[in-house]
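For reference, the structure I am asking about is given below.
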Amino acid sequence: MSAIIKVNHLSKQFKDTKAVDDLSFTVNEGDVYGFLGQNGAGKSTTIRMLLSLITPSEGEIIIFGKKLQTHRSEILTQVGAVIEKPDLYKYLSAYDNLSIFAKMSGSKVSRELLMKQLEMVGLADRAKGKVETFSQGMKQRLGIAVALVHNPALIILDEPTNGLDPQGIADMRNLILRLSREMGKTILISSHLLSEIELIANRMIILHKGKKMVEGKVAELLDPAHSMIQLETTNDAAAKEKLSQSKWADALQQGNSIKLLMNKQTVPQLISDLVGLDVSILSVNSSHSLENYFLSLTTMSGHVEPFAN
Amino acid sequence: MNLLRFGLVLIAMVSIIVVKAQENVNALIQKVNAKIEKVNDYTAEGKMKTKVVFLKVPVSAVKIYFKKPNRLKIKNEKGISFVPKGAVSINISNIVNGEKYTALDAGMDKIGNTAVRVVKLLPTDDNADIVLSTIYIDEANLLIKKAKTTTRENGSYELEMTYGKYSAYGLPDKIIFTFNTKEYKLPKGITFDFDDGESAKSNIPRGLNKNKGQAEIIFDSYIINKGVSDAVF
Amino acid sequence: MWNLLQIELFKISKRPRTYIAFAAIAAIVFIFQFAFKADGQSYMNLMLQSVKDSFEFERTKAINGYFMCYIILNTLLVQLPILVALIAADSISGEANMGTLRLLITKPISRTQLILVKFAAATIFTILLLVWMAIISLFFSLLIFGADDMLIFRSKGDESQILLISQDDVMWRYLAAFAYATVALTVIAALSLFLSIFADNSIGPIIATVCIVLVCTIISNINVPIIDKNVRPFLFTSYLVGWKGFFYIATTEDGVPIKGSVENWAAIRNSLSILLLHIGVLLGASVFIFRKKDILS
């Protein structure tokens, strides 16, 4: 299982806000990788950095084993993307839009291929219709067609279900699953809805205020047996240091406070280990599930995201 | 109305006036007149060159038509030409209606190597626009070599004529007409001109200043007394 | 690159606003032609007011196709920058506004390529605009008014002049003038493109371009020595009218125009190189800034 995207210590500083802060993660081949976070969490900024729309302040991005900075064009030939709203040339037809972007991706496109693509997203009968006459759902589907027309290995979808009705959302979900299962594409998908990610992603990351909160397999993260355990000690820094060298290192989450994602049944074990490590515990808190934990983040008042829809 | 007409009218003037001046001057003028009278009409071809400070125009090929007593037309072979009209036209009628002038003998002078008699024509009418005309006559050949006219309103102008093949008819090969002109000014703010960074050098043609213009006609050929249709005027 | 340019031209050709420019030019030119057909004499009288009593000349011949084209160019080249800006200022900002810019940037095209292609497309649009202009203001005028010698009214410093160019010496001057105008308007295109990098909608850069051109033109035309000397040479608008240089025919000492000549080749060459320098600098700056820009639209 090779890494398709590898992000190391990525940061982006805008004038007075740090939109992304020391972010590292890996997307493996065949993953449907969920990018979860509230608005302003840094999802869009990260995705834009992956697509070279924004230059990182620090850190590196490696896609297909090559540095994005130096192999931009080479990498992007293999990437398809829908970023926020799938805005297209309103004054052109669906067919013309598709044709233009296919040519720009450097692929030779036949009329048959383009029509097949339109058929796949259910727009074959509207091929000649101008995009300005399309509904939001139709535009979204055309956007997907544009992202897929050059047969990319990696597909990046930024909030693809925004503005869609329930049927549209279901269609989108089925399409993503098909792309992953039948065509073996690697997909990175962002959303602010856990419920959505839960249904399609196999791995996911939760961002909050530009930082990674948790990353891991969806099945594990959402296992009801797993809880986010928060500790308060007399010396948090020293306690974290000790934990990171113990068998609890994998469960330890980033952040200033001490948080561990783990099976609740093993909490007594943790406490006895801490005592053994000479850590004085002031309190232990447990949230019921990742879902509750995520909800607690999203209900907190966050700052306004620069790319809010 | 134009310089040529002016020239011919001057000549006509000379022929018409029956002056009460010295006998010999009157006789001379009458002789000159008689020579000119032989021409009823002509069509001439020539080249006209206009030398005016503000006017940059090429030498143009022209056709000149004349018919007695004073009808004259200059036509371009092709293209556009500027024909000075000046003060001449105003005075034609005065001159033609004539008999209001006194001819005075002003002695002899020389134009080039030719001895000429200088005759001054003074209008008897105090209100006439022409204040004074001076003509220089080559007595041996009965040709007017030069004429200077001073007007009340339109400054002064000058005609110089050189004769050749057609001197028997009193028709010149070349006329130089010097006249007054106003300075040319474009209305302000109409053109966005390309300023090439050079200040205007005044390349005023020799012998001219800003307020004087010159037109030169060189006649190549005349067709004399073969009739000219009235339609051309 | 050629592929991208084709796409760019295809997009321009599909936009209604492209044709506004062509229609606007046609409308203005036809109004001019109609007005001069109906009452060209008044204009002639105005231009010649101080000397019309001293000379007689064929006015009907003077208002001919060549003369008309000059008058139209003289007036219209002031407005053409707006029409060029209409397309060029939309280059990047229009895509940003529509949201297609981020899609474009995620395509395997370098940003340098994108700017160059946008610039090339804007230049081609400018050329087509001028070809259209030549067709209707020159060839159409020649059809309506006929051909004859051409009169140029010129003020040169404190002097005014009337130049006469014989009709067989005119056409090459127009070809040269239109070529020059293409370069001049390409500066506007480069300026608009540069400004369009900074905006998320095309109105801003269009207005900014027009304002810059307007302000500079006005300053260029303030006839105060201190400005003429110290400011004017540094404004590109001073060189936009350089096409007229091709009609300033050289004369002999006697003031007779010399066929096929131009009075000041050096000034035309100089203006042309200054305009080309502007294009180079603006394009270079556009590429430099755009490469570093974070696309947030």
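Order as written gives the chain letters A, B and C; numbering starts at 1 within each chain.
Rule of thumb we're sticking to: a contact is a pair of C-beta atoms (placed from the backbone, for glycine too) under 8 Å apart; a residue touches a chain by one contact, two chains touch by 3 or more.
On a predicted model such as this, the values are computed, not experimentally measured, just so you know.
The largest tally of C-beta contacts between two chains is found for B-C.
Among the remaining chains, B is positioned farthest from chain A, on the basis of C-alpha centroids. Distance from each chain's C-alpha mean to the overall C-alpha mean is smallest for C. With centres defined as mean CA coordinates, chain C is found 50 Å away from chain A. With centres set at the average Cα position, the gap from chain B to chain C is 47 Å.
Work out the mean CA point of chain A and of chain B, and you get 97 Å between them.
For chain B in complex with chain C, the touching residues are 1-2, 49, 51-59, 76, 79-86, 179-187, 190-200, 202-203, 205-206, 213.
Chain C makes touch with chain A in their complex at residues 3-4, 7, 10-11, 14-16, 98-100, 102-110, 292, 294-296. Taken in their complex, chain A has these residues touching chain C: 48, 51-55, 72-77, 79, 81, 83-85, 87-92, 96, 100-101, 103-106, 146, 306-307. Those residues of chain C that touch chain B in the complex are listed here as 46-47, 49-51, 53-58, 61-62, 74, 78, 148-149, 151, 153-164, 166-167, 217, 221, 228, 232-233, 238, 241-245, 248-249, 251, 253-257, 259, 263-264, 267-268, 270-271.
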